[in-house]
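Chain naming follows the written order as A, B, C, D, E and F, and within any one chain the residues start at number 1.
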Amino acid sequence: MPTPTTKSPSRRPNHLRPVTIKRYPAASLSPASILIELGRTRVLCTASVETDLPPWLRKEVGPDGKPSRGWVTAEYAMLPGATPQRSKRGPNSRATEIQRLIARVLRAAVDLQQMPGLLITCDCDVLSADGGTRVASITGACVALAHALDWSKKQGLLPKTAKPFLGPVAAVSVGLVDGAPHLDLDYALDSRADVDLNVAMDHRGRLIEVQGTAEREPFTRKQLDQLLDLAATGIRRLMSAQRKLLRQR
Amino acid sequence: MPTPTTKSPSRRPNHLRPVTIKRYPAASLSPASILIELGRTRVLCTASVETDLPPWLRKEVGPDGKPSRGWVTAEYAMLPGATPQRSKRGPNSRATEIQRLIARVLRAAVDLQQMPGLLITCDCDVLSADGGTRVASITGACVALAHALDWSKKQGLLPKTAKPFLGPVAAVSVGLVDGAPHLDLDYALDSRADVDLNVAMDHRGRLIEVQGTAEREPFTRKQLDQLLDLAATGIRRLMSAQRKLLRQR
Amino acid sequence: MPTPTTKSPSRRPNHLRPVTIKRYPAASLSPASILIELGRTRVLCTASVETDLPPWLRKEVGPDGKPSRGWVTAEYAMLPGATPQRSKRGPNSRATEIQRLIARVLRAAVDLQQMPGLLITCDCDVLSADGGTRVASITGACVALAHALDWSKKQGLLPKTAKPFLGPVAAVSVGLVDGAPHLDLDYALDSRADVDLNVAMDHRGRLIEVQGTAEREPFTRKQLDQLLDLAATGIRRLMSAQRKLLRQR
Amino acid sequence: MPTPTTKSPSRRPNHLRPVTIKRYPAASLSPASILIELGRTRVLCTASVETDLPPWLRKEVGPDGKPSRGWVTAEYAMLPGATPQRSKRGPNSRATEIQRLIARVLRAAVDLQQMPGLLITCDCDVLSADGGTRVASITGACVALAHALDWSKKQGLLPKTAKPFLGPVAAVSVGLVDGAPHLDLDYALDSRADVDLNVAMDHRGRLIEVQGTAEREPFTRKQLDQLLDLAATGIRRLMSAQRKLLRQR
Amino acid sequence: MPTPTTKSPSRRPNHLRPVTIKRYPAASLSPASILIELGRTRVLCTASVETDLPPWLRKEVGPDGKPSRGWVTAEYAMLPGATPQRSKRGPNSRATEIQRLIARVLRAAVDLQQMPGLLITCDCDVLSADGGTRVASITGACVALAHALDWSKKQGLLPKTAKPFLGPVAAVSVGLVDGAPHLDLDYALDSRADVDLNVAMDHRGRLIEVQGTAEREPFTRKQLDQLLDLAATGIRRLMSAQRKLLRQR
Amino acid sequence: MPTPTTKSPSRRPNHLRPVTIKRYPAASLSPASILIELGRTRVLCTASVETDLPPWLRKEVGPDGKPSRGWVTAEYAMLPGATPQRSKRGPNSRATEIQRLIARVLRAAVDLQQMPGLLITCDCDVLSADGGTRVASITGACVALAHALDWSKKQGLLPKTAKPFLGPVAAVSVGLVDGAPHLDLDYALDSRADVDLNVAMDHRGRLIEVQGTAEREPFTRKQLDQLLDLAATGIRRLMSAQRKLLRQR
C-alpha cells in the first residue's frame, strides 16, 4: 500500500506537531469520547463505566462489605487501515505492552479510593498512525477519564463530594535523531532515531513513567537528561490543550 | 453506561436519516479511507490492497501461470465504545455473519477477472452505532473499494485499461414497525420492529442480497413486497450520495 | 478424494429430492434425536434440554423471582468426512452464519414464555453433505425440538398445560439455474446457480426468513417472486413429512 | 437430560454386545465410510486420503526426491447429543488422549513404506455413546482405512502392486466388575468397574496396545492375565465381523 | 542444535540410571517442591494446595453441606530448552496425554475422602529431557504430593488425624530393545525400542497403570510378562529413593 | 499456599542480594544453559540456535541472496509453582511485556550483521520468584547468548572470524522504599516501593533501557538521578559475576 506523499511541514526539534483534543462524535452516544489529533496521528479515546469490578478486586471490601476502591484499565488497538500497510486485527505483543503502560499512567491521575465499585475502561483506538500513538492515547484518554468520572457523579454512581480526579496526566515521546534531541517523533523521525523515550508526567511536573530504549546505540546519562528536559516542555503544552476540555466540564 | 438523551428528530417512515460520505481523514495516509455517517451511526471504511492472494485462490492461474482473478473480502468490527454499553473486542458470531454479507455484496460491484492477483480487504470499523451499521458499511466500503481500484491503476498494479469496478452497490435496512413499513431503522426503531430486512442492490436496481428476518411475528408476501419497494427508494438516495465521491475519482 | 460417481436421477425443477425424517437411532439414548435425509444430504438433529439459562437471560425474571422465559439455540457442524474433500473440524465463519440462521427460525416455532427456565440446544451435525444442509437442518431440528418439549413435560420440567410449540417450521432452498427457477438445489445444481435463496416458513405459510444471494448475476423482483412461489410449494411438502413424526408424539 | 430407560438385555461376562459393521451411508459420497454399532454405541468412521503430507514428514524423501513413506492419523470426537447429558463441542483432553491411541493402533495395520506420499486421516465421530467408543472407533476405522487404500489404488495414487494393508487390527475393552472379569463394558458396567483395560491386537493375536487403569483398586498380575485372555476372545469375534466387509473389497 | 556429546556410561539392561530425589530449591518458597534426576532427565515437581475445587466437584457435598472429598490433578510441560532441538511452549497433544496419566496414578496414592475441599495441583516441569520424563514425573510428584498433604495439616486445612496419603506410587519405563527387555529407557534406547511400556505400581506391588505400545513390531504375551517383571524390579528401587524423603516428613 | 517463613537476612540498601551464575545442568544437553540465582529468585536461561529466520526477516538478503543479518528473541515464563500462590500456565500480558524488554536488551549485546541467518531464542524460565525476575533473566540470558554464539562458531554456523558478541549487558532493579533508594528489590521490598525502576546497561556503562514506574507517588528528576546512580553500582557487580563464566568460554 501507499507511502504517504504529503510531506510533513518542517518543524523545529523542540516543537510539538499541531495538537487538537475534542469530543467526538460531537453529539456522542457516549459521555466520554475524545478524539486526539497529534499531527497525522489520530486516536479515539472512550472511557466506559461499569459497576462490575474485576474478580481479583471483588474481595477488597470495607467494613460495610462494600468495595473499598475502584479500578481503571485500558485497551489499545490500531484499526487495520491505520497504517499504509494494513495490519491484522487482534491482540499482539506490542499492543499488550502499550495498553499496560497507558493503564498505569491513567491510574496515577485518579484516587481509586474515591471511586469505590467503579471499573472504568479506557479504549484507545488508533484511526490513523503516524508515530506517537501511545503518548497520544494517554493524553486523550486522560480527558475521557475525567469526563467519565463527572458523568458517574451525575448518574449518582459516585457521591457529589467525591474527588476521584487528581489532575491531568499527559505523555510525550522524545528521541535522539542524528545525535540531537527531538520532541514528538512522527513515524519518519522515529525510524531514524537512536533512542526512543516515552515520558508521562502529572500536573505538578513529576514523573509517572519513563521508558527509554536504545534502538541502535546505547545512550549516556547526559543524553537522558537532555531528553527529559525536552519532554517536560512538550508535556506542559499538551496539558494546556487538555485543560480547555477539562475546564468545560 | 448512558442511554442517549438527545432524541432523534422525528422522521417520516419513507425518509433516510441524514447521510454523509466523505474521505477521512481528509489528508489520509491511505488512498481509500471513507467515513460514512447515517444519522448517528458512523463507520470508517478502509480498503487495503495486497498482492498476496488467499491460499485457496493461488492455484487459479491462467495459461501464463499468472493469477486469473483477484478477490475482495471484508472485515467488520465495532469499537468497544461505539455503543452506550461497552462491548468486548474480538471476533463474535454477529460480526462474522455481517462481514460475510458485506464481502458478498462488494464482490458484486467488481469484475474479479479484471483485477488479477489483487486482494482487497475492506475494513469496516464502527465508531458509533445507532442501527444500520451493516448497510452503512456496505454503502461506505463500496466507495473505498472504487478508490482502492483507482489507486491500484495509478501504482501500476493494474493496467490502465482494466475496468474492475462495475458500478456502485448500496444497502439499506427496512422494517415493519407497529405493522407499518419504515425505512432505515435506527436502534430505537429496530428494537420495536417485527421484521428486519436488509437489502443490497446494484446500480441498475437489481437485487444482490435480500435478508429478511421475522424478529417477532412472521410476515406475508405482501408485506415483503412493500418493504422491498421502500428499500429501492432508500438505495437510490444512498447511491446519489456515493456518486459525488465516485465522480471525483 | 473422490467425485461421487452415482449420478442423481434426473428430477423436475419443481420437485424435492426424496425426503425422509425419522428418529435415529431407533432405540435412542436421547428423547429427541432426528435423522433427516434429503437426497444424499443427511443431518442428525438432536435437541438437548438444560435448566441453566445463558448468562444474559438470567436477569429476566418474573415477580416471583423465577425465569420469565426460556431460550432455543442451535449449533451446526459438518463431520470432516461429510464431503468428498475432507474438511477441517472446528468453528468456521460459514458454520457460524448458518447456525445463527437455524436458531432464529427455530425460535419462531416456539413461545419462549411457555418454556420458562429451559435452554434447548439443537445440534445439527451433517453426516453427508450434498447441498441444502442448512434447510435440512432447520426442517429436522424442528421435529427434534418438538420432541424435546414433549419430553420436558413428561419429566415435569414444564407444566402439562404449557403449550410452547406453536407448530412446525420448515425451510427449503431454491435457485436460478440456467436462468430458470429450481427447487431444492443439490451440490451440483448449487454450483451452477446464479441465485441461491433459502426460505423458512411457518405452518400458516408466512415467511420467517428470506435469504437470497446473487452468486453471479444480480436478480430482479420478478425472479424473486418466482423463487418464493416455488419455495412455498417445497415447504408444504416438507411439512407433510414432518407431520408424521409430530403426530406420533 | 434423560437416563436411558431401555435396559440392556442381560449378557454373559464373556460375551460381546451385538456388533454390526457396515458401509454408511449405503450410497456414500465417500469410498471409505463405515458405521460400527457395538450395542448402543455407534461410531461413524471415515478415512480420507490426501496427497499432502504433514510438514515434519515432507523431508523424508528417497534418492529420487519423492516421499519415502506415507502417514496415518486419526481424529476422535463425540457429537454433542451422543450422551444423555449434552457435551460441549471442540477439542478436550480426553478426546486428545483417545485419538492418539487410535492413530497408533491403525498405523500398526499398515506398511507406511507401501503408501508413499499419502496421508490418510481416519475420523471417528461418535453418534451415540454407551461405553467402548474408543475400541469401536479402532475396529471400525481399520475397515475404513483398508477401503481407502483400495480406493487409492483404483485412483492410481498407489501402484496396483502395493500392499500397504497388513491385515485387520481390532480393539476391545475389558474390566473387573465386582471383582470378576467382564468383556466389552457398556456405560453402566464401566461406571462400576474397578479396572478398565483397553487392548488392541493384530490379526496374528499379537498385542499392539495395552492400556490398563485402576479406576478404584490397583490390580494384580493375575487379574491382568485374566483380562488379557478375555480380551483376546473378544477381539477374535470382532475380527470376524470386520472380515465380511474386508472380503468384499 | 547440538547432539549431546557426553555418552551415557554403559549400563546393564536390568539397572536403573542413577536416581536422586531432593527438595529443590533447598530453601524453597514452596513447602512441596521436589527435583528428581533420572540419569540426565530432570523434572521439577511442585504440589500446590488450593481450597477452590473444580466446578464439577463442587456439587458433591455431605449432609453438612461441606465438600465430601478433594481432588488431585497434574500438569506436565517441557521447558523449551529441555531438548537439544528447542520445542515450542504451550499445550500439545503429547503433554495432554501424559498429564492425564500422571494425575490418574497420583490419585491412586491418596484417599480423596480424607482431604475434603482441597485441590492439589502437581506441576511437573521437565528441565532436561533424556527419556522417561513421564515416569520420573510420577515418581517425583508423588513425594511432592505427600509433602503438600503434610503441609496442609500443619496449616489446619486438614485435621491432624486425617490420613489422606496411602503410600508411595512410582513408575518406570521398560522396553524391548533389539528383542531383549531393557529397564528405564533413555532417549537413545527409546529411539531403538520395538515396544515401550510404562508401568505404575503402588507400595504393595499392585498395578495402577499399564501402558504398552508397539512402536514397530506387535508383541507377545510372553514378552509383556518379561517386561512387567523387569518393571517391578525398577519400581522397588525407585520407591527406596522416595522413602528417604518421605521418612523425613 | 504458604507465605515464605525464612526471612531474608537484613541487607544494606546499596547491596545486591547474593548472586550466582552457573551452567545448569552441569553436564547439560544444551551448550547454552545458565542458572542465575539472585537471592531466592532463580531463573533458568537457555539460548537455542535455529537457522530458520522469522518470516519478516527472510526478505532481508544481501547481493548474494543470503541473509544479511540474524535475530535474537526471548521468551519469559514463570513455572506455576514459582510463587507461594500457584500461577496459571500460558501467555499473559505481564510476561509479554517482560519478554519484549528482555529481547530488546539482549539485541544490544550483539551485532546482528555478524550472525547472518541465525535465530537465537533465549528462554527465561523462572523456577522460583522472589522479585527481580526480569533483570535476573536479562543478566543470565546474556551469558547463555554468548555461549550459544561460541557454539555456533564451533558448529560452523558462523565463520571463526565473526565477532557477534559485543560484550555483556546486565540489568538491575532499584526503587524508592520509604522514600529512600534501595538496590535490587526482593518481593517484600517491591510491595512496599513507591517507585520501581529497571535499568539495563552495556559493558561501557551506557544505558540500554530505563523503565521507571510510579507505583504510588510520582517521582522527581532528583529521585530518578539517585536511582540511576544506584543502578549503575549494582550492574557493575552483576557484570563481574557474568565475567567469570564469559571468560571460561
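Just so we're on the same page, contacts are C-beta pairs under 8 Å (C-beta built on N, C-alpha and C of every residue); 3 or more make two chains touch, one makes a residue touch a chain.
Because the structure is predicted, anything quoted here is derived from the model rather than measured.
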item: Required minimum of steps from chain A to chain E, each step between chains that touch; value: 2
item: Angle of rotation relating chain C to chain D [CA atoms, steps of 5 degrees]; value: 180
item: Chain centre separation in whole Å, for chain D relative to chain B (CA means); value: 50
item: Inter-chain centre distance, chain B versus chain E - centres from mean C-alpha coordinates, in Å; value: 58
item: Chain centre separation in whole Å, for chain F relative to chain A (CA means); value: 28
item: Where chain F touches two or more other chains, by residue; value: none
item: Arrangement of touching chains [line / ring / star / complete / other]; value: ring
item: Chains listed in ring sequence, where chain D comes first and chain E follows it; value: D, E, F, A, B, C
item: In the complex, chain A residues that touch chain B; value: 1-2, 4, 6, 25, 27-31, 33, 40, 42, 44, 46-50, 75, 77, 79-84, 86, 89-90, 121, 123, 125, 127-130, 151, 155
item: Chain A to chain F touching residues, read off their complex; value: 93-94, 96-97, 99-100, 104, 108, 197, 201-202, 204, 206-214, 217-221, 224, 228
